[in-house]
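By letter and in written order, the chains are A, B and C; residue numbering begins at 1 in each of them.
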Amino acid sequence: MDRKLTYETKGLNLVLKELSAFFTGIAKNNFTVEFFTVFVPIIILWEALPRLGVVPPTLVPPPSVVAETFWDLLVNHDLIGHVGISLLRFFLGLAVAIVTAIPIGILMGWNMFLRRHALPLFQILAPIPSPAWVPITIILLGIGLPMQVFLVFLGVFYPVLFDTYQGVKDTDPRYIASARVFGASELTLIKRVYLPNALSFIVMGVKIGIALGLVMLIVSEMVGAHSGIGWLLVESKDFFRIDRMVACMLTLGFIGWFLIEVMKYIEIKLALWKVGR
Amino acid sequence: MKRLCFSIAAAVAATALIALVAGVPGSGDDGVIRIGHTGTPHLAPLFVAVEQGIFEDNGLRVELKRFGSTSDAGYALLAGRVDVAFLEPSRSFRLLNEHDEAGVKIAGTVNFDFGATLVVREDLNIRLGDLEGMTVAAGSRHCILLSQFKHDAQRHGVDAGKINFVYTAFETMLPALEAGQVDAILTRASYALLAQAEGHKILYQNWDVVPGDACCPAYLAQVEYFMLVKDLEPRYVRGMDAALREASERPPEDSRNAIMKHTQFPLGLQQGFPVARYLVIGQELKQELGDWVWTGN
Amino acid sequence: MIEARKITKFFPVINPQGLAEGITAVLSVSLKVEEGEFVAVVGPTGCGKSTFLEIMAGLQAPTEGEVYIDGKLVLEPLPSTRKEIEIYQRKYRFLSPIANDLWRDIPKSDIAMIFQDYAVFPWMTALENVFFTLTLRRVPKGERSYLARKYLNLVGLSGAENKYPSQLSGGMRQRVALARALSVEPKIILMDEPFAAVDALAREKLNEDLLSIWQSMKKTIVFVTHDINEALYLADRVVVFSPQPGTVRNIIPVNLPRPRKRASREIGELRERIWQIYQYDATGEIIDYVI
């Protein structure tokens, strides 16, 4: 990593540089020859089998049809709008979960007194599978943005909370002691020792949270929304549009994959010190 | 690069192989007709025919498969996992529109008397006169049910102009009532029957409505379910037709008992309602539906 | 000046059979270290050297006894009676007794510690590690960079400022720890086997550097080591700990002028003497002469 360069580039240049590094990183890590040796045959099989009538094409739309449908959704059915509203719900839930789970996790990891009070509660609540919350959420929050955001929040909250807690709790006592001899306050300890130490745990928690949050987003849109990609999915099912269902699924897969790639990039940026270990 | 070419070649070879293997005709069907349904009281003829052995009398062996929703039953029909499925008209049209090459045909209808019915939410303890100022869902502004209700309300001295009507499809009325978005729904009798089972109360009912208006033809409005078939031998289709018609002639009490047996729908709630009947597709309906109708070849 | 009075440390532990028992790591150790003195502590492994050092640094509370630094009590001893325990628990219900302050950094410029294994922060570069302590000491922002580089130069780390500890060798990491300790300009430096994980050659170099820093800056140093040679080469006095429970077995003054020669006859004799104390403690046999 060329640190000097990152220190010196600023503003738009920096943004452009980071973006290009991000995308070249994605390309390099994912689109390898090894990947294509697996991917291309799958596509060929998927295209050929329905076309030859081995599997019924009405039930298994080949990729060319899905691509066409995707384009149709994009141009005629406001796919961008649905993805946009879904992402809005998702990011609201994600943001609320992150800004609550990380501080709570840190406090529980840092302080025995707070841990004894709060941890058992979360440990009792966490095993409830998030989709089980759907009925009561609809009763309490009705149908709409608060309910969808809350359900996404539920999916993200616990993994982030417990990973943060674990990362803070497992901080090597030597690091804590070596900061304390120099007179570090507890606040400084949290900011400069616990948090950096827990960082990779937190990122891992957020990654799991993103996956679970997407699940909850789709669940919430399936039962209580009139827009969004999850709604489009059930609506497509209702209209016997299997090609649209597949297009929605692939869109969702792409969103999840992209968000995880972003998290990986953030992790490398934040935990530069782990690179090369 | 070499590896990529190799893997592509392998995929092509695999495709050919699978196509060959799949080309071998599978074992023939075992003569059992698999019927997809959703277990609603509106499929009374089906249950009666099973209960009273009418299918056997017509030389048919059937197997009922219950699905969570009619669209699931539709997919099962498309995928060939059932031979017959009962879908409501709106869903049937969607399916036939999207999969016109799949060979799905309409072979019969199940009808339920129309009947204008007003159902109020279970937590409201009101009379007709208290409806003024409340929110009531109706099918459409020009719905025949609505004009009938307004007419009858006038006679009871209720000013229907003071009622707050919202317009929505029949399918979405019950969820809206459950969610508390509306206080009452003005719906057809078949939906009222289901709403009553959820604990809601019927405040008004008029069986003298003649269905049909500009947007919804009379012969279609009465249809509760279509019987869809796919790749079913003509003799079986004719057998189904005969059996279900015969079942519709049995006394209503038999139907109610069969319904209770198959759907756990309480007997008490069925009292006061007619039962659903199977009908062959009439001439007008045949014209309306065109080549979606099963013709036997 | 450091004054440790009858320090005892007892660890309650659960043995593999699931029964509660305890380890007395340090038993009634008293030690006085004068200003500007270089004291080495040697002893067999597990005898409680690190524990003793951490008690002096205020990182562990002693079971009994007190440590005074310049007449100031470092930590109160742990409670012993039930009533005392209750009061103690209530008092430290929220914050542990070894925590400093909740919000404010309280620089203890009189004391610094270097740990047995590298306790420099792996998420900070060498420079940032020194920045960290400078910030705690409330050095104005403008001076930090200059000072940090100064201390890194002092320990011979110029050129490696922007490297992360994982990119440094073990010896260099320990130098970062040393720079970090020096940067707070402490009067006392407690060192716990700082050079144990470094090869012999590098260790000699580090010893030289440490001595010159000590001589030029006149710090008080308590230096724990396994290596009797290293102790004799560096220290004014060598404190020999007995095997567990650690007590002061003997205090051997090294009245040799500096610079010393590692291979000199006097050091050889002293080493022989400490070695025999070890031997006696381990086997009970008196080898040559009575101590």
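We take it that a contact is a pair of C-beta atoms (placed from the backbone, for glycine too) under 8 Å apart; a residue touches a chain by one contact, two chains touch by 3 or more.
A quick note: this is a predicted structure, and the numbers were derived from the prediction, not measured.
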> If each chain is a node and each touching pair an edge, is that a line, ring, star, complete or other?
Replying inline: line
> Which chain has its Cα centroid closest to the overall Cα centroid?
Replying inline: A
>> Centroid of subunit A to centroid of subunit B, CA atoms only: how many Å?
In response: 40
>> Distance between subunit A and subunit C based on Cα centroids, please, to the nearest Å.
In response: 46
> Per the centroid of Cα atoms for each chain, what is the distance between subunit B and subunit C, given in Å?
Replying inline: 84
> Considering subunit C alone, which of its residues make contact with at least two other chains?
Replying inline: none
> Residues of subunit C touching subunit A in their complex?
Replying inline: 54, 57-59, 93-96, 98-108, 111-113, 115, 117, 119-125, 132-133, 136-137, 162, 164-167, 177, 180, 184
>> So in the complex, the part of subunit A that touches subunit C is made up of which residues?
In response: 3, 111-113, 172, 174-175, 177-188, 192-193, 196-197, 199, 271-274, 276-277
>> Considering only the defined contacts, which subunit B positions touch subunit A in the complex?
In response: 1, 3-4, 6-8, 10-12, 14-15, 18-19, 22-23, 71, 74-75, 78-80, 91, 94-95, 97-99, 101-102, 179
> Which part of subunit A faces subunit B closely enough to touch in the complex?
Replying inline: 33-34, 36-38, 40-42, 44-45, 48-49, 52, 54, 56, 58-59, 142-143, 237-241
